[in-house]
Amino acid sequence: MIMAKVTGSVVSTSKNEKLVGYKFMIVQPIENNKLIDKYFVAVDSVGAGIGEKVLVAMGSAARLATSENAPIDAAIVGIVDEKQGNL
Amino acid sequence: MIMAKVTGSVVSTSKNEKLVGYKFMIVQPIENNKLIDKYFVAVDSVGAGIGEKVLVAMGSAARLATSENAPIDAAIVGIVDEKQGNL
Amino acid sequence: MIMAKVTGSVVSTSKNEKLVGYKFMIVQPIENNKLIDKYFVAVDSVGAGIGEKVLVAMGSAARLATSENAPIDAAIVGIVDEKQGNL
Amino acid sequence: MIMAKVTGSVVSTSKNEKLVGYKFMIVQPIENNKLIDKYFVAVDSVGAGIGEKVLVAMGSAARLATSENAPIDAAIVGIVDEKQGNL
Amino acid sequence: MIMAKVTGSVVSTSKNEKLVGYKFMIVQPIENNKLIDKYFVAVDSVGAGIGEKVLVAMGSAARLATSENAPIDAAIVGIVDEKQGNL
(Lines give C-alpha, C1' and ligand atoms only; values in the text may rest on other atoms or scores of the structure.)
Protein backbone atom coordinates (compact mmCIF):
# COMPACT_ATOMS: atom_id res chain seq x y z
CA MET A 1 0.00 0.00 0.00
CA ILE A 2 1.12 3.54 -0.38
CA MET A 3 0.48 6.45 1.93
CA ALA A 4 -1.24 9.39 0.30
CA LYS A 5 -3.15 12.56 1.06
CA VAL A 6 -6.69 13.03 -0.18
CA THR A 7 -6.63 16.26 -2.16
CA GLY A 8 -9.92 16.37 -4.03
CA SER A 9 -12.67 14.44 -5.75
CA VAL A 10 -13.95 13.69 -9.22
CA VAL A 11 -17.51 13.59 -10.53
CA SER A 12 -18.32 11.32 -13.46
CA THR A 13 -21.91 11.02 -14.67
CA SER A 14 -21.24 8.91 -17.76
CA LYS A 15 -19.46 5.94 -16.27
CA ASN A 16 -19.40 2.19 -16.36
CA GLU A 17 -22.56 0.96 -14.61
CA LYS A 18 -20.54 -1.14 -12.17
CA LEU A 19 -19.05 2.08 -10.80
CA VAL A 20 -22.37 3.68 -9.82
CA GLY A 21 -22.41 4.63 -6.14
CA TYR A 22 -18.67 4.81 -5.58
CA LYS A 23 -16.87 7.95 -4.51
CA PHE A 24 -13.79 8.88 -6.55
CA MET A 25 -11.16 10.70 -4.54
CA ILE A 26 -8.04 12.36 -5.88
CA VAL A 27 -5.00 11.24 -3.90
CA GLN A 28 -1.41 12.42 -3.87
CA PRO A 29 1.26 9.97 -2.67
CA ILE A 30 3.48 10.83 0.31
CA GLU A 31 7.10 9.69 0.39
CA ASN A 32 9.62 10.66 3.04
CA ASN A 33 7.07 13.12 4.48
CA LYS A 34 6.76 14.95 1.17
CA LEU A 35 3.83 15.01 -1.22
CA ILE A 36 4.95 13.82 -4.63
CA ASP A 37 3.57 14.70 -8.05
CA LYS A 38 1.88 11.42 -8.96
CA TYR A 39 -1.80 12.16 -8.49
CA PHE A 40 -4.31 9.46 -9.21
CA VAL A 41 -7.91 8.52 -8.42
CA ALA A 42 -8.90 6.00 -5.76
CA VAL A 43 -12.32 4.75 -4.68
CA ASP A 44 -13.03 5.44 -1.03
CA SER A 45 -13.95 2.48 1.22
CA VAL A 46 -13.49 4.05 4.66
CA GLY A 47 -15.14 7.48 4.60
CA ALA A 48 -11.94 9.45 4.11
CA GLY A 49 -12.22 13.24 3.81
CA ILE A 50 -10.20 15.78 1.89
CA GLY A 51 -6.94 16.58 3.68
CA GLU A 52 -6.66 13.21 5.43
CA LYS A 53 -3.68 10.91 5.15
CA VAL A 54 -4.70 7.49 3.95
CA LEU A 55 -3.46 4.06 2.90
CA VAL A 56 -4.23 3.17 -0.72
CA ALA A 57 -4.24 -0.39 -2.09
CA MET A 58 -3.49 -0.78 -5.78
CA GLY A 59 -4.35 -3.36 -8.42
CA SER A 60 -6.57 -6.36 -7.75
CA ALA A 61 -6.29 -5.68 -4.00
CA ALA A 62 -8.43 -2.58 -4.49
CA ARG A 63 -11.41 -4.69 -5.45
CA LEU A 64 -11.29 -6.66 -2.20
CA ALA A 65 -12.01 -3.38 -0.40
CA THR A 66 -14.86 -2.36 -2.72
CA SER A 67 -16.41 -4.85 -5.13
CA GLU A 68 -14.86 -7.80 -6.89
CA ASN A 69 -16.93 -7.04 -9.99
CA ALA A 70 -16.21 -3.35 -10.47
CA PRO A 71 -13.41 -1.97 -12.67
CA ILE A 72 -11.52 -0.44 -9.75
CA ASP A 73 -7.72 -0.47 -9.52
CA ALA A 74 -7.10 1.75 -6.49
CA ALA A 75 -8.96 1.99 -3.17
CA ILE A 76 -8.52 3.92 0.04
CA VAL A 77 -8.37 1.18 2.69
CA GLY A 78 -7.37 3.03 5.87
CA ILE A 79 -7.01 6.44 7.47
CA VAL A 80 -3.55 6.95 8.97
CA ASP A 81 -3.60 8.00 12.64
CA GLU A 82 0.11 8.12 13.19
CA LYS A 83 3.31 6.76 11.86
CA GLN A 84 6.77 6.14 13.19
CA GLY A 85 9.72 6.60 10.88
CA ASN A 86 9.81 8.10 7.42
CA LEU A 87 7.44 7.26 4.60
CA MET B 1 -7.70 4.92 -11.81
CA ILE B 2 -5.90 7.70 -13.51
CA MET B 3 -7.36 10.77 -15.14
CA ALA B 4 -6.43 11.20 -18.78
CA LYS B 5 -7.39 13.04 -21.93
CA VAL B 6 -8.43 11.15 -25.04
CA THR B 7 -6.10 12.35 -27.76
CA GLY B 8 -6.58 9.95 -30.65
CA SER B 9 -7.33 6.44 -31.77
CA VAL B 10 -5.60 3.42 -33.23
CA VAL B 11 -6.71 1.07 -35.99
CA SER B 12 -5.50 -2.52 -35.96
CA THR B 13 -6.77 -4.95 -38.58
CA SER B 14 -4.50 -7.88 -37.68
CA LYS B 15 -5.30 -8.37 -34.05
CA ASN B 16 -6.11 -11.07 -31.53
CA GLU B 17 -9.61 -12.34 -32.31
CA LYS B 18 -10.82 -11.58 -28.78
CA LEU B 19 -10.21 -7.89 -29.49
CA VAL B 20 -12.53 -7.67 -32.48
CA GLY B 21 -15.16 -4.97 -31.99
CA TYR B 22 -13.33 -2.89 -29.39
CA LYS B 23 -12.34 0.71 -29.92
CA PHE B 24 -8.72 1.56 -29.10
CA MET B 25 -8.26 5.11 -27.88
CA ILE B 26 -4.99 6.91 -27.30
CA VAL B 27 -5.00 8.54 -23.88
CA GLN B 28 -2.61 10.95 -22.23
CA PRO B 29 -2.52 11.05 -18.41
CA ILE B 30 -3.28 14.28 -16.54
CA GLU B 31 -1.46 15.11 -13.31
CA ASN B 32 -1.76 18.35 -11.41
CA ASN B 33 -3.80 19.79 -14.32
CA LYS B 34 -1.01 19.11 -16.79
CA LEU B 35 -0.90 16.54 -19.57
CA ILE B 36 2.10 14.29 -19.08
CA ASP B 37 4.12 12.42 -21.69
CA LYS B 38 3.03 8.84 -20.93
CA TYR B 39 0.66 8.02 -23.76
CA PHE B 40 -0.92 4.61 -23.90
CA VAL B 41 -3.88 2.84 -25.47
CA ALA B 42 -7.13 2.10 -23.61
CA VAL B 43 -10.29 0.32 -24.76
CA ASP B 44 -13.35 2.54 -24.53
CA SER B 45 -16.32 1.29 -22.49
CA VAL B 46 -18.32 4.52 -22.14
CA GLY B 47 -18.43 6.19 -25.56
CA ALA B 48 -15.69 8.71 -24.86
CA GLY B 49 -14.73 11.09 -27.66
CA ILE B 50 -11.44 12.72 -28.58
CA GLY B 51 -10.68 15.69 -26.35
CA GLU B 52 -12.68 14.42 -23.36
CA LYS B 53 -11.24 13.91 -19.90
CA VAL B 54 -11.75 10.38 -18.69
CA LEU B 55 -11.01 7.92 -15.91
CA VAL B 56 -8.91 4.93 -16.98
CA ALA B 57 -8.71 1.65 -15.06
CA MET B 58 -5.52 -0.35 -15.46
CA GLY B 59 -4.62 -4.02 -15.16
CA SER B 60 -7.16 -6.74 -14.46
CA ALA B 61 -9.73 -4.05 -13.55
CA ALA B 62 -9.89 -3.07 -17.21
CA ARG B 63 -11.43 -6.40 -18.12
CA LEU B 64 -14.31 -5.92 -15.70
CA ALA B 65 -15.34 -2.90 -17.81
CA THR B 66 -15.01 -4.71 -21.14
CA SER B 67 -14.67 -8.49 -21.30
CA GLU B 68 -13.10 -10.88 -18.84
CA ASN B 69 -11.78 -12.96 -21.72
CA ALA B 70 -10.08 -10.32 -23.84
CA PRO B 71 -6.40 -9.35 -23.55
CA ILE B 72 -7.16 -5.82 -22.38
CA ASP B 73 -5.08 -4.06 -19.70
CA ALA B 74 -6.52 -0.54 -19.81
CA ALA B 75 -10.11 0.67 -20.18
CA ILE B 76 -11.86 4.02 -20.14
CA VAL B 77 -14.46 3.62 -17.38
CA GLY B 78 -15.86 7.15 -16.93
CA ILE B 79 -16.07 10.61 -18.45
CA VAL B 80 -15.04 13.31 -15.99
CA ASP B 81 -17.65 16.08 -15.53
CA GLU B 82 -15.83 18.08 -12.94
CA LYS B 83 -13.23 17.76 -10.28
CA GLN B 84 -12.35 19.58 -7.11
CA GLY B 85 -8.72 19.94 -6.15
CA ASN B 86 -5.66 19.08 -8.17
CA LEU B 87 -5.11 15.89 -10.11
CA MET C 1 -2.02 -1.50 -24.00
CA ILE C 2 1.04 0.30 -25.16
CA MET C 3 2.18 0.92 -28.69
CA ALA C 4 5.62 -0.40 -29.49
CA LYS C 5 7.92 -1.26 -32.35
CA VAL C 6 9.23 -4.80 -32.78
CA THR C 7 13.00 -4.45 -32.86
CA GLY C 8 14.35 -7.98 -32.51
CA SER C 9 13.89 -11.43 -31.05
CA VAL C 10 15.31 -13.63 -28.33
CA VAL C 11 16.20 -17.33 -28.40
CA SER C 12 16.02 -19.33 -25.19
CA THR C 13 16.68 -23.06 -25.26
CA SER C 14 16.64 -23.65 -21.51
CA LYS C 15 13.26 -22.32 -20.57
CA ASN C 16 10.20 -23.16 -18.54
CA GLU C 17 8.41 -26.02 -20.31
CA LYS C 18 5.17 -24.02 -20.51
CA LEU C 19 6.95 -21.55 -22.77
CA VAL C 20 7.92 -24.06 -25.45
CA GLY C 21 6.63 -23.00 -28.86
CA TYR C 22 6.24 -19.30 -28.17
CA LYS C 23 8.11 -16.61 -30.06
CA PHE C 24 9.84 -13.98 -27.91
CA MET C 25 10.04 -10.59 -29.56
CA ILE C 26 11.97 -7.58 -28.35
CA VAL C 27 9.73 -4.51 -28.35
CA GLN C 28 10.48 -0.86 -27.80
CA PRO C 29 7.61 1.39 -26.61
CA ILE C 30 6.51 4.39 -28.68
CA GLU C 31 5.32 7.56 -26.96
CA ASN C 32 4.45 10.78 -28.73
CA ASN C 33 5.84 9.29 -31.99
CA LYS C 34 9.22 8.65 -30.41
CA LEU C 35 10.80 5.34 -29.51
CA ILE C 36 11.68 5.31 -25.83
CA ASP C 37 14.41 3.40 -24.05
CA LYS C 38 12.32 0.81 -22.19
CA TYR C 39 12.89 -2.36 -24.13
CA PHE C 40 11.23 -5.55 -23.00
CA VAL C 41 10.25 -8.97 -24.32
CA ALA C 42 6.71 -9.86 -25.46
CA VAL C 43 5.29 -13.11 -26.77
CA ASP C 44 3.84 -12.75 -30.26
CA SER C 45 0.19 -13.77 -30.80
CA VAL C 46 -0.47 -12.15 -34.19
CA GLY C 47 2.48 -12.93 -36.45
CA ALA C 48 4.18 -9.56 -36.04
CA GLY C 49 7.49 -9.02 -37.84
CA ILE C 50 10.54 -6.98 -36.99
CA GLY C 51 9.99 -3.29 -37.73
CA GLU C 52 6.21 -3.40 -37.31
CA LYS C 53 4.28 -1.19 -34.91
CA VAL C 54 2.20 -3.25 -32.52
CA LEU C 55 -0.10 -3.12 -29.52
CA VAL C 56 1.26 -4.91 -26.45
CA ALA C 57 -0.90 -6.08 -23.53
CA MET C 58 0.81 -6.34 -20.17
CA GLY C 59 0.23 -8.38 -17.02
CA SER C 60 -2.47 -11.02 -16.72
CA ALA C 61 -4.05 -9.72 -19.95
CA ALA C 62 -1.09 -11.13 -21.88
CA ARG C 63 -2.11 -14.65 -20.99
CA LEU C 64 -5.56 -14.23 -22.50
CA ALA C 65 -3.84 -13.72 -25.86
CA THR C 66 -1.52 -16.69 -25.49
CA SER C 67 -2.12 -19.32 -22.80
CA GLU C 68 -3.64 -18.97 -19.36
CA ASN C 69 -1.14 -21.48 -18.00
CA ALA C 70 2.13 -20.05 -19.29
CA PRO C 71 4.33 -17.61 -17.35
CA ILE C 72 3.82 -14.78 -19.83
CA ASP C 73 3.44 -11.15 -18.74
CA ALA C 74 3.51 -9.33 -22.09
CA ALA C 75 1.95 -10.23 -25.45
CA ILE C 76 1.70 -8.61 -28.84
CA VAL C 77 -2.06 -8.45 -29.47
CA GLY C 78 -2.38 -6.34 -32.61
CA ILE C 79 -0.50 -4.82 -35.52
CA VAL C 80 -1.14 -1.09 -35.85
CA ASP C 81 -2.35 -0.01 -39.28
CA GLU C 82 -2.79 3.65 -38.58
CA LYS C 83 -3.38 6.03 -35.78
CA GLN C 84 -4.85 9.47 -35.38
CA GLY C 85 -3.34 11.81 -32.83
CA ASN C 86 -0.17 11.43 -30.84
CA LEU C 87 0.90 8.31 -29.01
CA MET D 1 10.40 -9.47 -4.88
CA ILE D 2 12.35 -6.46 -3.91
CA MET D 3 14.80 -6.11 -1.07
CA ALA D 4 13.95 -3.34 1.38
CA LYS D 5 14.71 -2.07 4.85
CA VAL D 6 11.97 -1.77 7.45
CA THR D 7 12.07 1.86 8.57
CA GLY D 8 8.90 2.38 10.56
CA SER D 9 5.26 1.51 11.04
CA VAL D 10 1.82 2.99 10.49
CA VAL D 11 -1.23 2.95 12.74
CA SER D 12 -4.68 3.09 11.17
CA THR D 13 -7.75 2.82 13.39
CA SER D 14 -10.35 3.54 10.70
CA LYS D 15 -9.59 0.88 8.17
CA ASN D 16 -11.23 -1.71 5.99
CA GLU D 17 -12.48 -4.48 8.28
CA LYS D 18 -10.53 -7.13 6.35
CA LEU D 19 -7.33 -5.39 7.43
CA VAL D 20 -7.95 -5.71 11.17
CA GLY D 21 -5.07 -7.48 12.90
CA TYR D 22 -2.38 -6.85 10.32
CA LYS D 23 0.78 -4.90 11.04
CA PHE D 24 1.63 -2.15 8.55
CA MET D 25 5.34 -1.57 8.17
CA ILE D 26 7.02 1.24 6.29
CA VAL D 27 9.67 -0.15 3.97
CA GLN D 28 12.35 1.53 1.88
CA PRO D 29 13.69 -0.37 -1.17
CA ILE D 30 17.38 -1.21 -1.44
CA GLU D 31 19.12 -1.20 -4.82
CA ASN D 32 22.82 -1.68 -5.36
CA ASN D 33 23.34 -1.50 -1.58
CA LYS D 34 21.72 1.91 -1.37
CA LEU D 35 18.38 2.84 0.15
CA ILE D 36 16.23 4.54 -2.46
CA ASP D 37 13.49 7.11 -1.98
CA LYS D 38 10.44 4.99 -2.82
CA TYR D 39 8.89 4.32 0.57
CA PHE D 40 5.72 2.29 0.75
CA VAL D 41 3.71 0.25 3.24
CA ALA D 42 3.82 -3.55 3.44
CA VAL D 43 1.98 -5.97 5.70
CA ASP D 44 4.33 -8.09 7.79
CA SER D 45 4.01 -11.89 7.55
CA VAL D 46 7.29 -12.96 9.16
CA GLY D 47 7.76 -10.90 12.33
CA ALA D 48 10.18 -8.41 10.82
CA GLY D 49 11.45 -5.60 13.05
CA ILE D 50 12.47 -2.05 12.33
CA GLY D 51 15.97 -1.89 10.85
CA GLU D 52 15.86 -5.37 9.30
CA LYS D 53 16.44 -6.10 5.63
CA VAL D 54 13.53 -7.96 4.13
CA LEU D 55 12.07 -9.38 0.93
CA VAL D 56 8.78 -7.79 -0.13
CA ALA D 57 6.31 -9.39 -2.53
CA MET D 58 4.08 -7.03 -4.49
CA GLY D 59 0.67 -7.29 -6.12
CA SER D 60 -1.51 -10.38 -5.88
CA ALA D 61 1.49 -12.34 -4.53
CA ALA D 62 1.22 -10.35 -1.30
CA ARG D 63 -2.12 -11.92 -0.50
CA LEU D 64 -0.70 -15.44 -0.68
CA ALA D 65 1.51 -14.49 2.29
CA THR D 66 -1.29 -12.92 4.30
CA SER D 67 -4.94 -13.44 3.34
CA GLU D 68 -6.48 -13.99 -0.06
CA ASN D 69 -9.47 -11.89 0.98
CA ALA D 70 -7.77 -8.79 2.33
CA PRO D 71 -6.99 -5.68 0.25
CA ILE D 72 -3.22 -6.08 0.59
CA ASP D 73 -0.83 -5.34 -2.28
CA ALA D 74 2.55 -5.64 -0.55
CA ALA D 75 3.79 -8.12 2.06
CA ILE D 76 7.06 -8.80 3.82
CA VAL D 77 7.76 -12.45 3.00
CA GLY D 78 11.32 -13.02 4.29
CA ILE D 79 14.08 -11.60 6.42
CA VAL D 80 17.39 -11.40 4.54
CA ASP D 81 20.29 -13.13 6.31
CA GLU D 82 22.92 -12.51 3.73
CA LYS D 83 23.34 -11.84 0.08
CA GLN D 84 26.04 -12.35 -2.48
CA GLY D 85 26.48 -9.77 -5.21
CA ASN D 86 24.82 -6.39 -5.56
CA LEU D 87 21.15 -5.66 -5.11
CA MET E 1 9.17 -10.42 -19.71
CA ILE E 2 12.32 -8.47 -19.22
CA MET E 3 15.85 -9.51 -20.00
CA ALA E 4 18.19 -9.41 -17.03
CA LYS E 5 21.55 -10.63 -15.80
CA VAL E 6 21.80 -12.81 -12.70
CA THR E 7 24.19 -10.97 -10.41
CA GLY E 8 23.88 -12.68 -7.04
CA SER E 9 21.67 -14.50 -4.60
CA VAL E 10 19.88 -13.92 -1.31
CA VAL E 11 19.58 -16.19 1.72
CA SER E 12 16.52 -15.87 3.95
CA THR E 13 16.07 -18.27 6.85
CA SER E 14 13.01 -16.60 8.40
CA LYS E 15 10.62 -16.61 5.52
CA ASN E 16 7.03 -17.38 4.66
CA GLU E 17 6.63 -21.17 4.78
CA LYS E 18 5.33 -21.28 1.19
CA LEU E 19 8.73 -20.02 0.05
CA VAL E 20 10.75 -22.88 1.53
CA GLY E 21 12.86 -24.59 -1.13
CA TYR E 22 13.00 -21.76 -3.63
CA LYS E 23 16.19 -20.11 -4.74
CA PHE E 24 16.23 -16.31 -4.65
CA MET E 25 18.44 -14.75 -7.29
CA ILE E 26 19.37 -11.10 -7.60
CA VAL E 27 18.78 -9.89 -11.14
CA GLN E 28 19.68 -6.68 -12.92
CA PRO E 29 17.61 -5.68 -15.97
CA ILE E 30 19.28 -5.20 -19.36
CA GLU E 31 18.02 -2.52 -21.74
CA ASN E 32 19.64 -1.61 -25.02
CA ASN E 33 22.59 -3.88 -24.13
CA LYS E 34 23.26 -1.99 -20.91
CA LEU E 35 22.69 -3.14 -17.35
CA ILE E 36 20.39 -0.71 -15.58
CA ASP E 37 20.20 0.13 -11.90
CA LYS E 38 16.91 -1.57 -10.99
CA TYR E 39 17.98 -4.68 -9.11
CA PHE E 40 15.33 -6.99 -7.76
CA VAL E 41 14.92 -10.57 -6.57
CA ALA E 42 13.47 -13.36 -8.73
CA VAL E 43 12.86 -17.02 -7.96
CA ASP E 44 14.74 -19.33 -10.28
CA SER E 45 12.76 -21.94 -12.23
CA VAL E 46 15.32 -22.97 -14.83
CA GLY E 47 18.63 -23.51 -13.03
CA ALA E 48 20.16 -20.18 -13.99
CA GLY E 49 23.62 -19.37 -12.67
CA ILE E 50 25.28 -16.13 -11.69
CA GLY E 51 26.42 -14.18 -14.76
CA GLU E 52 23.82 -15.64 -17.11
CA LYS E 53 21.35 -13.58 -19.12
CA VAL E 54 17.80 -14.60 -18.42
CA LEU E 55 14.16 -13.82 -19.10
CA VAL E 56 12.18 -12.79 -16.02
CA ALA E 57 8.38 -12.91 -15.78
CA MET E 58 6.75 -10.47 -13.38
CA GLY E 59 3.50 -10.39 -11.43
CA SER E 60 1.03 -13.26 -11.41
CA ALA E 61 2.88 -14.83 -14.37
CA ALA E 62 5.77 -15.63 -12.04
CA ARG E 63 3.63 -18.08 -10.11
CA LEU E 64 2.85 -20.11 -13.21
CA ALA E 65 6.57 -20.88 -13.44
CA THR E 66 6.95 -21.79 -9.77
CA SER E 67 3.90 -22.39 -7.58
CA GLU E 68 0.45 -20.88 -7.78
CA ASN E 69 0.28 -20.81 -3.98
CA ALA E 70 3.55 -19.12 -3.11
CA PRO E 71 3.96 -15.34 -2.64
CA ILE E 72 6.25 -14.95 -5.64
CA ASP E 73 6.06 -11.94 -7.98
CA ALA E 74 9.12 -12.49 -10.18
CA ALA E 75 10.54 -15.68 -11.70
CA ILE E 76 13.38 -16.54 -14.02
CA VAL E 77 11.67 -18.41 -16.87
CA GLY E 78 14.41 -18.81 -19.49
CA ILE E 79 18.11 -18.55 -20.14
CA VAL E 80 18.89 -16.37 -23.16
CA ASP E 81 21.05 -18.07 -25.79
CA GLU E 82 21.14 -15.26 -28.29
CA LYS E 83 19.21 -12.27 -29.38
CA GLN E 84 18.87 -10.26 -32.53
CA GLY E 85 18.41 -6.51 -32.26
CA ASN E 86 18.66 -4.30 -29.22
CA LEU E 87 17.13 -4.98 -25.84
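For reference, chains read A, B, C, D and E in written order, and residue numbers begin at 1 within each chain.
Operating definition for what follows: a contact is a pair of C-beta atoms (placed from the backbone, for glycine too) under 8 Å apart; a residue touches a chain by one contact, two chains touch by 3 or more.
Remember, it's a predicted structure, so these values are computed and weren't measured experimentally.
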*Can you name the chains that touch chain C as well as chain E?*
none
*Among the other chains, which touch chain B and chain C together?*
none
*Rounded to the nearest 5 degrees, what is the angle of the rotation that puts chain A onto chain D, matching CA atoms?*
70
_Please tell me the distance, in whole Å, between the geometric centres of chain B and chain E computed from their C-alpha atoms._
31
*Measure off the straight-line distance from the CA centroid of chain A to the CA centroid of chain B, and report it in whole Å.*
19
*Which positions in chain C touch two or more other chains at once?*
59-60, 62-63
*If you start at chain D and step next to chain E, which chains follow, in turn, all the way round the ring?*
D, E, C, B, A
_In the complex, chain E residues that touch chain C_ = 1-3, 31-32, 45-47, 55, 57-65, 75, 77-87
*asked:* If we count contacts the way the header does, which residues on chain C are in touch with chain E in the complex?
replied: 7-16, 18-19, 24, 26, 28, 37-43, 50, 59-60, 62-63, 69-74
